[in-house]
Amino acid sequence: MTEILFVLFAVVATGGAIGVVTGRSPVASLLFMVATLASLAGIFVLFEAHFLAAIQVLVYAGAIMVLFLFVIMLLNLGHDYRADLKFGAWFLLSLVVVGLTAGVLVQGLTGTDEAGPRGDGAAVAAALDAAVAEKGAVGVIADPLFTDYVVAFELMGLLLLVAIVAAVVLAKPRNPEAGE
Amino acid sequence: MVTGVSAALLAGLPASAAGAVSEAAASAGASTGAAAWEPILPGLIVLLPLLGFALNGILALLAARDSSAALREGRDWNPFAGPRRPATHRLPSWIGPGAMALAFGLALLNFLGMPADLHDPVIRSYWGWIVTGDLRIDAALQLDQLSMVMTLVVTGVGFLIHVFSVGYMAGDPGYPRYFAYLNLFVFFMLVLVLGSGFGTMFVGWEGVGLCSYLLIGYWFSDREKSDAGKKAFIVNRIGDVGFLLAMFLLFQGFGTLDFIPIFAGAEGRVAAGGVAVTAITLLLMLGAAGKSAQIPLHIWLPDAMAGPTPVSALIHAATMVTAGVYMVVRSSVLYALAPTSQAVVAGIGALTALVAATVALQQYDIKKVLAYSTVSQLGFMFLAAGVGAFTAAVFHLVTHAFFKALLFLGAGAVIHAMHDAAHHGDGHLDEQDMRNMGGLRRYMPVTCAVMWIATLAIAGIWPFAGFFSKDEIVWYAAAWAGAESNPFGALYAAYWGLALLTALLTAFYMARLMVMTFHGANRTGEAARSHLHEAPGVMTAPLIALAALSLFGGWINVPEELRMSFAGLFGALPMSEWLHHWLEPVTHAAAEIQTAGFGEAARTAPVGGGEAAWALVSTLAAAATVAAAVRFTSTRKYVPAAEDPGPRRGLRRAAYDKWYFDEVYDAVVVRPVVGASRWCWKAVDTLVIDGFVNFAGNFARLAGWAASLFQTGQVNMYAFVLTLGFLFVLGATVFL
Amino acid sequence: MTDLLASILYGDWILHALIWLPLAGTAHVLVSSAERARNVAFRWSAFVFVLSLGLWWAYDPGDGGFAMQSSAPWIEAWGVSYSLGIDGISVFMVLLTTFTSAIAILGSFEYVKTRRKAFYALMLLLETGVVGFFLATDVFLFYVFFELTLVPMYFIVGIWGGERRIYAAVKFFLFTATGSLLMLVAILYVYFAGGTGSFAYDAFLNAGMSLREQLWLFAAFALAFGIKVPVFPLHTWLPDAHVEAPTPGSVVLASVLLKMGTYGFLRFLLPFFPEAAQHPAVVAVMLALGVVGIIYAAWVAAVQPDAKKLVAYTSVAHMGFVVIGVFALTLNGLQGGMVVMISHGISTGALFLLLGMMYERRHSRLIEDFGGIGRAAPWFATAFAITALASIGLPGTSGFVGEFLALLGTFETHMATGAIAATGVVFAAYYMLPMVQRVLFNELDKPENRKFADLSRREIAILAPLVALMIWIGVHPTPILERTEPSVQAVLERVEDARMHAGGGEDAATGAAGGFRSFAPAGDGPAADPAPSGAPAAPRAAGPPGGGR
Amino acid sequence: MLTPALYLSAVLFVVGTLGVIVRRNAIIIFLCIELQLNAVNLAFVALSRYTGIEGQLYVFFVMTVAAAEAAVGLAIIISIFRHYETVNVDKFNVLKW
């Protein structure tokens, strides 16, 4: 069952990704992207990462993609498709390089043991399952986040704050009369 | 610190002990000698002119402050205008000559006190000048017979010329500066002649060159005059390189630069006629040629006439230019050991004497004639030194100092008069051109009379001073030509012939000068003529003193053979060959070496006839030449300089143009060096070296430009390149 | 004086004080106002100079080794320490530095009008760097100070310079940095390959490099110092830097920074790599470069239209004398090199100050813009003439003593080189006198020059000590010579020891022995001379001993 | 199931890369970058099963950064669009030299 679901999600994700790249209009690409994100969330669930799957749907597919959509709408780019995709030699060259990269990546990843890189995959998975059972899907992430990684977590907050301020400043329309 | 060192035993020590010799010379205070003579404050002789320089220098700086302030404010400034000169222009009249008088008096005291049989020089060492490792150059004075004679000449003639200058330079705004330079010159000249080694001598050597430079360019606002000073300095420096190299060789060979150990050890240390001593002496001769204006470095002296005339008298006639002769005589031992060098020195001297005399024949500038005459007479001195007649060289140096100083000062008096006349005359009048003179005898009888005495002296007419000294030189050339084992006998004989010829030329051009200046019709012009006048007493007094010296100066060394020539007049002179005996301690070593090498000098000239006979011949010939010149010159019509282009072509034109030495040097040396300098700058420095440097810089810039081609500004491109890089790194981690 | 200094433990603190007091001055300048900056800076530098004067008495030459040594660990893991010491070579360099720094700051009062605080802060920082360079006895520390001097000079040229200041500053920086980076590599090589485990001077002395290694290391060091000196083909940064630098920058550059190169020769190059230093090929190359530098620079100087550039090229010529003096590897040559360094620092520094005064008055450096200044400003002309004469080595001035000794020392071992170099004396007159003539003499034909102001009191105060020093060193250099001699002798002995280890067969001193052959009396054949070729031959041994003073 | 997940991650990543290289629309390039990030997220999540909870933590952080990046990036795009009236990256080439 899991394998079937994985293949299904994988096919949708890959298809969505290709759709993103080849989508005729930004809105189409965006919708393909949402499909990809959603199927990735499904795969997350297969890997017992329920909390992340939820966030993926809520934040990514929901919030961030809507943000993109807003921008597309704001800039009125919905039906703007003029030679957007670079065909020709450039496309072929890129395809070769990207294909090579894929090949090398696959080559590098081939032989990754089902037991995981350290060889104690089963034990880790068991421990993880036990932890989830004990603390719940959220608690298992929240616990290290607020203990060992609290500094990084706080910095993330700071980063978001900075990003918000930056976005406001950058996107603020300049008043030509103000001379700036 | 002032401790007398008498190195009495030095000369007698065997050569192998020369180390101990220099040690003894170095260790101040060790009195090993038996000589009891204590010189009286010899340091003060040197110090007095320096003191004069310091005082006059301060006055000069103070005066210059006023004059430059006046210049800036655009007002006239003439310190001589008021009824009473300012102190800065009054005091030098006393400080300058005063310092000289004191120095001369002190020198005279020492000279009189110096025992005639003083065998070894007295060294007074003051401080270690350059002391490092095995090199020790002391600031020390050496008093011996030679340096005493030179000191007397320098301070004595120097004093007279200082007195003359008081009159001559009156009216010049730079009056104190002039005396400062003049005093400084005397200081350096005394260091030169009194220095106890080549190192100390070199200080004076370059110092007098500096003063010569400053005094030639005394009127520095005049482009030509400061050019002349520069030329003198640079040409002198060429000679100085020879001097320096000779010092280096001497130091290598002897481990010291002091005279005493070098001359005492020379015979044992260097092979007679060897390469080393020949090189040393030739290099020293290069130095001497530079300082004493011998071919090929004589070109600066005629230009040096740009300086005030008393300067020409003091520096470029009486003292500084004879420094080369002094140096050769001082190194007589070395020269005696290098017969080849001697032949070269004599050859240079003879050639210079002849060439300069021919040029003098065709000059119209009174000072140029005298300048070439000086070069010619210096040639005689080198001829004397070259043929081993070191005493004769010094003798001629002394008499020449008298009569040439007199000639120059006389010319100065003439120029002084002409200058005043030119002020009142119409238009431009070259106050030094003899074509503008003529008939000055009427206006300046004293000057005319004393200059005739000097002319007869330089012409070599008995019984004037020049006769004895010149005759001795000529005779020595003849005598050594006949020495049995002289390898250069034929050469010496040729020198003798040249010397005789030159002596006659000398008589001719000097008589020409006198006639053109003082006799015949006056060519000064109507307006100017009434302002011609005799020089003031402060100028004529030194002239008269020098005239007396020119008249009787030769008596200090009347040859034994000619002693009886005075018999009819005063009875035989009691002091025959006095100078010869006086200088014996200095020159005897050289004389012995020469006699050992060449054999005894001959008693007859190469073409027969003894000393007395040739003396008679030469004085008669000189007298005849003077008479001929007077006749020839008087009958010729001279027009004022402005209307005369000079001789047109042929040898006369070539002599008029000084045999084109300046032009040749300009083409062969000056232009190539300047051209090479420019080439070095423009081609090597700017093009090659900086080109390489800039290429390195530009290469980096080029590489940056090439790399910047990737910077298209296209995000896709960047992403692509990024991916490529990622691919490489990934490939490396996966496959390697 | 010595007792007084001992009673205040002068030797214990003076070296540290000389390095850090200028830095304190830098801080003080930065917190004071722009108007007061120059006074503050001058007081600090004058204070440091007065303090340093005690070295004249407190430094006891002894055996020529380092005196007043002190050491404290700095970076212990690498064996780096803060070690200072002074010997006969560095004592005069330090005195020269403190002296010229004070003079240069005093000379900049009218010249520097903008960003005065920064300027004086940099000048004092530069003094710290240079003094530290001369006093460091730890190679790492020495390198740090060497680089530290680069930065202030770069800014001084680049900010307060003339029109092409950026080009000049960058050129200066790149030239020097190139050399010093190579030297850093060489230092690290000695440190690692030699297994010294420490950057101490003595450790480097005993690193025990093979001849082959030494030659490479020598090349790296020689390049670094040769650029700084500068030696002939590496000199082109100097004229540009000098021309563009402000007067005080030129003064310090000429007086002190160039000496860092030749000081490096004496302090590091010869002692660290003695076998390479007396390798015939190396000696031949260095001497040839020195001689070419003397004559070439003199020629190029002679045709410069820009007075400052002319003087800059004369620096190259003067430093050529130092190079030949050093690589002649004779005591006289080395001593001569030392005196030329001191003398050049004084006379060329003074020349740059004088040129700066000319520039302040007329805003031109072109020789042709002047003429007849001797009439308008006689005091200025007097100072200028004396300085110029000292620069061309007239006897009785400092220049002569150094050039004479350097040439003499060169001539002892390398006759031809010495003879060719001696012609530099003529060319010195060839470049200097025409400039003197065209500036001071000739007709006063330009109306602007009639207003050329004579020296002010401040300017007299600047020039008088310089002129006095030129003459004093020229008349009585012995006190200097006797202080430097033991240290110079120690350097020489180290090279000569290596020569003995090397076997002495192919050494350069055979030339010396050859030079003496002609002096041997006939019959005493040179082949019979048993004296070892390295030792002075017989006649020299008979020279006057150094005793009696 | 680990290896297929990693393969998928790789494929998504290169597809995203291709998009960045070949698209001109800045918004789509952004989307492709998000795609790349998600590909990596997938790898993290897959591996967290075998190495520990940290993998998921990193995904959390990546998402935060992605959000921040999207906010700022989109703001920049708006700003650029105002100036150039286009989001075609070929037109933005002042970022050179």
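For clarity, chains are labelled A, B, C and D in written order, and residue numbers in each chain start from 1.
Here is the rule we go by: contacts are C-beta pairs under 8 Å (C-beta built on N, C-alpha and C of every residue); 3 or more make two chains touch, one makes a residue touch a chain.
Please read these numbers as outputs of a predicted model, since none were measured by experiment.
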{"item": "Most centrally placed chain, judged by C-alpha centres", "value": "C"}
{"item": "B-D against A-B, pair bridged by the larger set of C-beta contacts", "value": "B-D"}
{"item": "Distance between the centres, which are taken as Cα means, of subunit D and subunit C, whole angstrom", "value": "62"}
{"item": "Chain centre separation in whole Å, for subunit D relative to subunit B (CA means)", "value": "94"}
{"item": "Rounded Å distance, subunit A centre to subunit B centre (Cα mean)", "value": "100"}
{"item": "Subunit B and subunit C, separation of their C-alpha mean positions in angstrom", "value": "36"}
{"item": "Multi-chain contact sites of subunit B, meaning residues that touch two or more partners", "value": "716, 720, 723"}
{"item": "Residues of subunit C touching at least two other chains", "value": "none"}
{"item": "Residue list for subunit D, restricted to those that touch at least two other chains", "value": "17, 21-24"}
{"item": "Chains that touch, pairwise", "value": "A-B, A-D, B-C, B-D"}
{"item": "Contact set on subunit D toward subunit B in their complex", "value": "17, 20-24, 26, 29, 89-90, 92-97"}
{"item": "Subunit D residues touching subunit A - in the complex, by the definition given at the top", "value": "1-8, 10-19, 21-25, 27-28, 30-32, 34-35, 38, 41-42, 45-54, 56-57, 59-61, 63-72, 74-79, 81-82, 87-88"}
{"item": "Parts of subunit B lying in touch with subunit D, wherever the complex brings them together", "value": "708, 711-716, 719-720, 723"}
{"item": "Interfacial residue positions of subunit A with respect to subunit D in the complex", "value": "2-3, 6, 10, 13-14, 17-18, 20-21, 23, 26, 29-30, 33, 36-37, 40, 43-44, 46-49, 51-52, 55-56, 59-60, 63-64, 67-68, 71-72, 74-75, 77, 80, 83-86, 90-91, 94-95, 97-99, 101-102, 105-106, 109-110, 112-118, 120-121, 124-125, 128, 131, 140-141, 144-145, 149, 152, 156, 159-160, 162-164, 166-171, 173-174"}
{"item": "Residues of subunit B touching subunit A in the complex", "value": "716, 720, 723-724, 726-727, 730-731, 733-735"}
